[in-house]
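One structure is given here, and the rest of the page talks about it.
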Amino acid sequence: MVYITRRERFNAAHKLWHPDWSTEKNHEVFGKCANENWHGHNYELFVTIKGEPDPDTGFVLDLKYMSDVIREEVVEKLDHKNLNLDVPFMKGLMSSTENLAIQVWNILEKTLNDGRAILHCVKIVETENNFVEYFGK
Amino acid sequence: MVYITRRERFNAAHKLWHPDWSTEKNHEVFGKCANENWHGHNYELFVTIKGEPDPDTGFVLDLKYMSDVIREEVVEKLDHKNLNLDVPFMKGLMSSTENLAIQVWNILEKTLNDGRAILHCVKIVETENNFVEYFGK
Amino acid sequence: MVYITRRERFNAAHKLWHPDWSTEKNHEVFGKCANENWHGHNYELFVTIKGEPDPDTGFVLDLKYMSDVIREEVVEKLDHKNLNLDVPFMKGLMSSTENLAIQVWNILEKTLNDGRAILHCVKIVETENNFVEYFGK
Amino acid sequence: MVYITRRERFNAAHKLWHPDWSTEKNHEVFGKCANENWHGHNYELFVTIKGEPDPDTGFVLDLKYMSDVIREEVVEKLDHKNLNLDVPFMKGLMSSTENLAIQVWNILEKTLNDGRAILHCVKIVETENNFVEYFGK
Amino acid sequence: MVYITRRERFNAAHKLWHPDWSTEKNHEVFGKCANENWHGHNYELFVTIKGEPDPDTGFVLDLKYMSDVIREEVVEKLDHKNLNLDVPFMKGLMSSTENLAIQVWNILEKTLNDGRAILHCVKIVETENNFVEYFGK
Amino acid sequence: MVYITRRERFNAAHKLWHPDWSTEKNHEVFGKCANENWHGHNYELFVTIKGEPDPDTGFVLDLKYMSDVIREEVVEKLDHKNLNLDVPFMKGLMSSTENLAIQVWNILEKTLNDGRAILHCVKIVETENNFVEYFGK
């Protein structure tokens, strides 16, 4: 098994806000991340798949194809968007990086997995100090 | 003259939107940066001052003091904010990185300049591919 | 399980020196790292925990809390210190990055682990070319 | 078990080209990577070994020794070379990063493994957006 | 005046080889950079222009336009190419980063300069340890 | 004129301590940088020279030569050293990054300047948040 990773990037706005909580509780729990008028990040997305290299190409998976799928299925839905308002697959979920990684996994598990290439990890870097990894259930 | 630079960071939401233009023209000119519900960035701010090192300390300016001033005067007003809605010194201006750098310069010119230390450059990095520098008029 | 990682930083002095060995043997084994008057590094510390996101917050663990614990229990004891002389939990140990990672793990295992969040990895980057990871026994 | 990683770098030319395929098929499958006159990269190589720290040194393995072995056995054979033409251990293989990582593993498994230190991972970064990891069979 | 910078990237092969010199002299002067079968790099190109922000857009120059021009006029001619063999504007010149920066300046001076935006600097990063800047004659 | 820059690195210990001041005043002015038992950094040194490229080589200055001079004249005297105790050219000076940059300039001005290559800038990065540049008197 060889593991290959592709990085893509997206810039998005969000806020952490629980709709059933008071303003006071939201500010208490989420601090400045609960700013009513949003804030945002340059997110980095690292997608790792594993598999055996194809003898003819030397590739586990063509990285151009992998990039195209990630951009079409994930990045176009997140880039220059509001994670709370604009992204169907985040509706009803807190827009934490944890939940974002799980949802991106769920999308890519359907679109990147095939007989030979298997999704291994979705990593999302929110800031230079914070990142999240999800390896599936 | 020695030049010293301090980096600070802030995460903010914004959109590029001209209030006198139609939705169509805004999208035509600003592309995905005109997304109605905002997007955001991890901004990096580099502030450079120049001066002669003090013989007693070896410092052009104490970096802890420099960091405190930048955080109090600039970063606290930008971090986890919406550049279009929450920031008094950006009101009435397009929230481009160019305008942001000029406004940060105008603030720091009043607060960081003293007899010995002179503000030299404000640099703001919006993404790993785009940055702006302003050296005053 | 979702894995979240927080980065913190500290700047410290140290030397590699075995008290039972001659000066010659210390220089032979540790090279320039045995410089009598110390040298130092900007260390980066990455702490990873794993757990299920809380349905209300979307968090495995609040990163502000995680940062506060790491700073209070670890970083304040290492930052701007001498690893050989100033750090109680390194007394009697070679100040290698390997030993440092193990000791940081031992501290954080007691303070960061709770029912839901489990310490997974302590990674310490000593230079851009060298780093160490410890996942517990 | 503690994991230690050493980074080394090499700059090399290569192209992706299947000798049994037509020019058209090579361009169709490998795109611009099939440029007849080669292209190249600044590769980063991360080698990770695992083991117990030696009580006398605090080291899993001396990083100077580890660097010397990697440079002598691997980097000198790849740096400022053509992966397709100049590298004996890549002869007859597609010069994909996947195949390169496997071949580097095969070399280092023989030279870095001893009773106490065990090769764990070979990671090769081809660009800031693409990397490969191999953990052995 | 505000300065804005756009980063683009390209991966290319080259060698340093003087056609009028003997093989021995080429190896003596250029060392491993004279490898007959080429080597290569991930180059980073930073293009800086200066000008007054447009009051309507807040832009010195639209970065999307700037990126399009740089890619069309420069990057497409360099990316996945051999600097010595494939690039018309490098013909007859040593493929040093110095010469490359001058040639890129000469191209962009004609295509990026207009009444309001003025080309200020072309910076090319060859490795993490080496880069070149050119500000015109 | 073309500007070329070479990066070198060194790891050193130091403290900020004025010998004529009380312990209290040293701690008040220099904070944790006055830790009696030292602290340290991974310093990055960027040396920039300017000149006309040689028509035969395409080089302003051979980077291997430039690296050799910087390592021999500067890095070997700073790497794995104590800036306050081990470095002759820092004796009697506060070991601030400002003073370090001036002293490195003074050394390299004598050794790197020749008829064609002129020292332009010495930049020293102390942490990811702090750096100093010196361009001579």
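Order of writing sets the chain letters: A, B, C, D, E and F. Residues in each chain are counted from 1.
Just so it is clear, a residue touches a chain if its C-beta (ideal position, glycine included) is under 8 Å from a C-beta of that chain, and two chains touch if they have at least 3 such contacts.
Please read these numbers as outputs of a predicted model, since none were measured by experiment.
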item: Any chain in contact with subunit B as well as subunit E; value: F
item: Subunit E and subunit C - chains in contact with each; value: D, F
item: Most distant chain from subunit F by Cα centroid; value: A
item: Furthest chain, CA centroid comparison against subunit B; value: D
item: Subunit A and subunit B, separation of their C-alpha mean positions in angstrom; value: 28
item: Separation of subunit D from subunit F, taking each centre as the mean of its C-alpha atoms, in whole Å; value: 34
item: Separation of mean Cα positions, subunit F and subunit A [Å, integer]; value: 41
item: Shared interface positions of subunit F, touching two or more other chains; value: 128
item: Complete list of chain pairs which touch one another; value: A-B, A-C, A-D, B-E, B-F, C-D, C-F, D-E, E-F
item: Complex interface listing, subunit C residues touching subunit A; value: 1-8, 48, 53, 56-60, 62-64, 67
item: Footprint of subunit F on subunit E - complex, ascending; value: 16, 18, 29-31, 93-99, 101-102, 128-135
item: Complex interface listing, subunit F residues touching subunit C; value: 9, 11-14, 32-33, 35, 37-42, 79-82, 85-86, 127-128
